[in-house]
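Read through the structures below before going on.
Below are two complexes that have subunit A in common, paired first with subunit B and then with subunit C.
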Partner chain A sequence: MAVDLLTRAAPMLRALTGRLVRLLLLLAAVATASFALMAHSPVDPVDAYVGGDIAAIGPEQRAQIAERWGLDDPPLERFGAWLGNLVQGDLGRSLTFNAPVTEVIGERFLTSLALMATAWVLSGLVGFGLGVLAGARQGRLTDRVVCWWAYTLASAPTFWVGLLLLYVFSVSLGWAPVCCAVPVGALAEDVTLLDRVQHLVLPALTLSIVGVAPVVLHTRHAVIHALAGDHVALARAQGESPTGVIVHRVLRHAAAPAVLLQFAALGELFGGSVLAEQVFSYPGLGAATTAAALGQDVPLLLGIALFTTVFVFVGNQVGDLVHARLDPRVVDDLVRARRGRWRRDPDPDVLPAVEPLPVVPEPEPAGRGAR
Partner chain B sequence: MGLHGRTARAVAIGAVVVSAVTACGGGTAGTTGGGGAPSELRLAIGGEPEDGYDPTLGWGRYGSPLFQSTLLARDQDLDVVPDLATDWSVSDDGLVWTVDIRTDAVFTDGEPVTATDVAYTFTTASRSGGLTDVTALREAVAVDEDTVELRLERPQSTFVNRLVSLGIVPEHAHGPDYARDPIGSGPFRLVQWDPGQQLIVERNDDYYGEQPAFERIVFQFTGEDASLAAASAGQVDMVAVPSQLAGTEVPGMRLVAVPSVDNRGIVFPYLPDDGRTTDDGTPIGNDVTSDLAVRQAINVAVDRQALVDGVLEGHGSPATGPVDGLPWGEPAAAVEDADPDRAEQLLEQAGWVDGDGDGVREKAGVRAAFTLLYPADDSLRQGLALAVADMLGPVGIEVDAAGESWDVIDQRLHADAVLFGWGSHDPTEMYNLYSSTRAGVEYWNPGFYADEAVDAHLEAAMAATDEETANREWRAAQYDGAGTGFGPSGDAAWAWLVNLDHTYLVDECLDVGTPQIEPHGHGWPVTAGIAGWQWTC
Partner chain C sequence: MSAAVAVPVPGRLGDRRTRTLAYVGLAVLVVLGVLVAGTLAGDAAQTTDLADRNLGPSAEHWFGTDRLGRDMLARTLAGLRLSLVVGVAAAAVSAVVALLLASAAAVFGGVVDRAVGWLVDLFLALPHLVLLVLLAFALGGGTGAVVAAVALTHWPTLTRVLRGRAREVMSSDYVAVSRQLGRGRWWIARHHLAGHLTGHFVVGTVLLFPHAILHEAALSFLGLGVDPGQPSIGILLAESMRYLTAGAWWLAVLPGLCLLVVVKLVDAIGENTRALLDPRSHHL
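Up next is the complex of A and B:
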């Protein structure tokens, strides 16, 4: 048994190492590219920092500012110094916020996390539900309404949806607060969980509304695909009810692409949160990114770039794993691919061969017509 | 939610305040009016200092840093008055400023404010690389408990503005975390700062000066949309609005337009184009705008009131110079404008005539035509540039108004006219815009203006050891009474157009007094008089 575990653990470990190496390479590429972009930006960091006070800041003071920010050193040297500190776990100090980068990201990310997690779960559940509904009722009114709704949302810009919600629910109806993550004027110790939830609702709704569309459309497609499968025809022939067919024979098939998509969309979710946070003055990582970019805050921007890279990468990896749990064919594919890439010799004992699921034929309306 | 919940809470807090104030034996106007006055004010005036509240890095550079107190202050008329200082003097050579400070000031942590703290603050600020320029300081020395000597590298009468704007920090409690948790001797102390959202401050009962009427002030840092939405929902008492939105009707609020020196004006290349370039290869000079008659004609032809009415929708005033209404402004430097006939006459006399009948004058083969650049993303400057072009067409000057990015403007600002915006409570700005020593430095004096007499006045003003002499010299630089000066009546180096009004929607019950003429920044400067604000309902 122990030997068995070991033989099973080894490829897992290999897979993990492989992924870590890939992450490190990706991080190195992202850091280099971001820094190169920032270094070649036409915006002068000192000008960006000085802003409207340009009349009051003399050349000597500008020299001081450049020195404090280490702008006098050649770019390569600055990048080297930054890398050196990074290896020691020091991301540097944000110039815009006058605080350590790790502190800024930590603080802001906690706020954003609540927003993004809520939006993510909401859009996932609602999108999946609507997708299944539309797929099961393909071609009927429900399907058409859901599809129309999804296409409309897919083409609606985040900030526009946000402004619309802000106007309707905050200004006209007065149901929701107009801004921020906590009630204005309230001391931190007086802020209740309910307050926080109340302030979260509109931005999260904005984000999830926009994120729903792709999940709906992909799920719908997967459901239609699965419904046309032989196993569904068999189940139907054995007298399984329509609901039973969906629950027992289709959901798992449909869940796989939805889950994968949802994890892969973490990057887009992050991008959307930049806009939503701007509209609702929600002080998350998105707002900090905007400030860092406008202020030419290189340490903070690099920190955020690295952080989001890790975030999105981990999201994708988790998506892979969950997808593999839902669809054993993927494991097989992955193992086969990796074996080819990482080791040349065939190793048939790595995983028990999974009997591939029957190949699902293209969806055919005929299956429906047969009923 | 909204008004009712807010009022109820305000009344509850108000009751507590009334009893507290009575216990101290002094009622203030803010709590009169049958207990209906809120003890808390909510302002959405923007301008969050993202890097915190450390004066040595530039917090409070417009004066009145809330948490800290300054040595001197400016009153409503912008005259310098003592604050933390009781007395100050400048040595005859202008190099040593001796300041006596009051002995009854304490920091909010209970420690007294000493000359050592003042010396420490100035020394630190002069080396910090922040947004306050104290580089003229050589050293700051505490002579005794309550006297400090500020020794300068060079005479600088405008150094008084550092005494007005630099908040004194405690040496014993100043470090990297100070900006987030400031300790000072100002009228307020920081209760809570939620970066990106709000700042909550409370009255500092140990403050030596006039006690503000409001116990708590909440600054809400929301964008324009959210701020206006909050005002419409009755959740804020004051909101800064851009002048385009100043017409928005919000129930229970009135429009307060504060005059400012937030000005817009056209800088002219002063030198002819003889192929000169800067060290970076940027061309210098323009054969049209280098002609005095053209610059004067433009100053005379433009109808500034029409610009205010048309482009600013009435929220502003005509600008005749860079420092209108300030103690060092010279009203006599102005000329009568909106007079195209006089403009044409000036041009004719100088030899600019329309020989070929195309509506544009020429002189020695040069057409009276130039490009006027403005930042393309600024709709206000676009409006001004186009309106000016329309006004100058009839007098025979062709203006090509072109919106560009700052990158492009940077390459052309010495050879084309540019529509700039300035405005400061510190006359150093005027020095920088017109001194020949500042030609081509940063964005200062981009036209390479140079005049010996004006330079002499500017230097004399800078070297002056008293406010009165300095102001006299500053005024003489604009117009010396004998036809010389950089103003429109002299060399007309710029054509100043308008001063913006900074517009705020203010609760009908809130009396903000007569605010100071505001500098370029819209927002924080309005808080300069906050200690005197009253609730009138």
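Up next is the complex of A and C:
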């Protein structure tokens, strides 16, 4: 029994290990590259740390700070020390937030996650709906309006869209707060869920408006492609209604690329959240990225680089998995390993032997005999 | 008479070829206009007039004025000029890098091909904006750093497209035959590969341009880019944020709209050219 379980789990384990190894290699490369970048930055870490008091300290004190932090050591040695701490899960201390980097990232990411998840779901649903609509009405007015709209949105700067929404809904109409994730000056225990949602709406709307465009265009393409398929022609010949064709024969075809795209766009989503959070002063990881770069907070920047690498990687992998589940023609090693559990290859010994097809002699090409 | 002329002839712009040419003509006009006007407006963009602060759009100041009484139209034009320069520089550098890497991967194959693929994966591992922030920071900020950061990060997607296409061509039968006939790598690359890649390369380069412009604006908006004294669309929008709550909508809306129009124009050229070069990819 145990052996059976092990043989079944083995391909799954192998697929998972392969992914983990790839992620680790990628992280190592990103860590090395970003550390090299930071080491070559003209920003002086002591200046960055001391900030405005730079005039108040003498060269001896500077040297002391540098020595205490090991800034005199050669870059390779510093890299080794940083890597050693990294492996133990210690990313150092953020200068801007005066807290451990892991803590800052964890806390900030949770705030961002609410924003990004809302925008992700919203842009996926709206984009998919509009894409199906445009694809189904290909060449008509609806299609042209949706396409024009999508291409325009793709050209719009995220922060500009955010500023427009801010002006219209917060400043002019006063429906939404102007900034932040919670009411200004409110105690943490007084903040209600409604408050949070109210502060979330505009940044999430900004992010999803910008994220809609690629989903619309890809879904439309997939719908048009599926509508041209033989199975749709057959369904039509059998008397399926236009709506029925879309619902039963096209939606699943169109969903696969849309889902893959949505997961692959997590990096873009994060980039958008950096801008949206800046517009709405929303205290998430995006705002922390900007603050870290402006405050010359190297440990936090490195930590964010590593964290977002994992974020994008996981997004891509999950996207591949879901894509393979939706579209059985796509072969994914992890899905194959999972499928192996309940849909094993038929045992060749059990199957009845199939009679080989009789070999039909190829007919003489016409014309040769006439010669 | 004018009414008869003004009525659009149906179908005249319905042809994609004509439409693309019209877009290209319009883009040339806009680019020239922005370059000339932006250069001429350089002084006006910095001239302060404290008597005319925070004015809305009027006949005198089409785009209104900012907190120091500077004319926003002049500032927008100067900003657009900077955007175009950054966009052209970044698209050109990225296109050259992408072409070199993709051709190297196709011609040498093996280890070089794998190394290029790996490099592309590495650059795409981070969110693009985070990579830009890291690079701009590492290069010390300022206009030069932004141009370099934007130029150095836009090649991976184009490289991936070109590499995929090159692989397809290199594994085709006629290339195998050509190899059997004793043709060298370079001969094959020149005669069999170049023709297949040109279209993708042109379209890809044109489509890099809007991305580059938007990323420059984003970096400047975050305060990591162009020097704050220099008018750039990103900086204008970042400055407008403080006055938006006071109702100065023109500070944000109009410069952003101009950027949007320029980006959309170039994007439309790219997409239409793509559809013209590869009609099967577009069911329109």
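Some points to look at:
Rule of thumb we're sticking to: the second predicted complex is superposed on the first by the 298 of 371 C-alpha atoms of A that agree within 3 Å, B and C clash if a C-alpha of one lies under 4 Å from a C-alpha of the other, contacts with A are read in each partner's own complex, and residues count from 1 in each chain.
In the analysis below, a contact is a pair of C-beta atoms (placed from the backbone, for glycine too) under 8 Å apart; a residue touches a chain by one contact, two chains touch by 3 or more.
Since the structure is predicted, the reported quantities are computational estimates derived from the model, not experimental observations.
Of the two partner chains placed by superposition, only subunit C is touched by A:Leu37; subunit B is not.
In the superposition on chain A, A:Val279 makes contact with both subunit B and subunit C. Contacts of A:Leu301 after superposition: subunit C is touched, whereas subunit B is not reached.
Judged by the touch definition given at the top, the superposed model places A:Leu163 against both subunit B and subunit C. Of the two partner chains, subunit B and subunit C are each touched by A:Val171.
In the superposed pair of complexes, A:Tyr151 makes contact with subunit C only, with no contact to subunit B. In the superposed model, A:Thr289 lies in contact with subunit C only, and not with subunit B. Touching of subunit A by both subunit B and subunit C, each in its own complex, is seen for residues 42, 163, 166-167, 170-171, 178, 278-279.
The part of subunit A that touches subunit B in the complex is made up of residues 42, 49-50, 52-62, 64-69, 95-99, 107, 163, 166-167, 170-171, 174-175, 178-182, 184-185, 187-188, 278-283, 287-288, 291, 295. Interface of subunit C with subunit A (complex): residues 121-122, 124-130, 133-140, 210, 214, 217-218, 221-224, 233-234, 237, 240-241, 244-245, 247, 249, 252-253, 256, 259-260, 263-264, 267-268, 271, 283-284. Put simply, subunit A touches subunit C in their complex at residues 26, 29-30, 33-34, 37-38, 40-43, 138-139, 151-152, 154-160, 163-164, 166-167, 170-172, 178, 221, 224-225, 228, 266-268, 270-271, 274-275, 278-279, 289-290, 293-294, 296, 301, 304-305, 308-309, 311-313. Note for the complex: subunit B touches subunit A at residues 1-2, 40, 42, 50-52, 54, 57-58, 61, 127-133, 135, 179-180, 191-192, 194-198, 200, 216, 218, 220-223, 225-226, 229-230, 232-233, 235-236, 407, 422, 424, 426, 428-429, 432-433, 441-444, 520-521.
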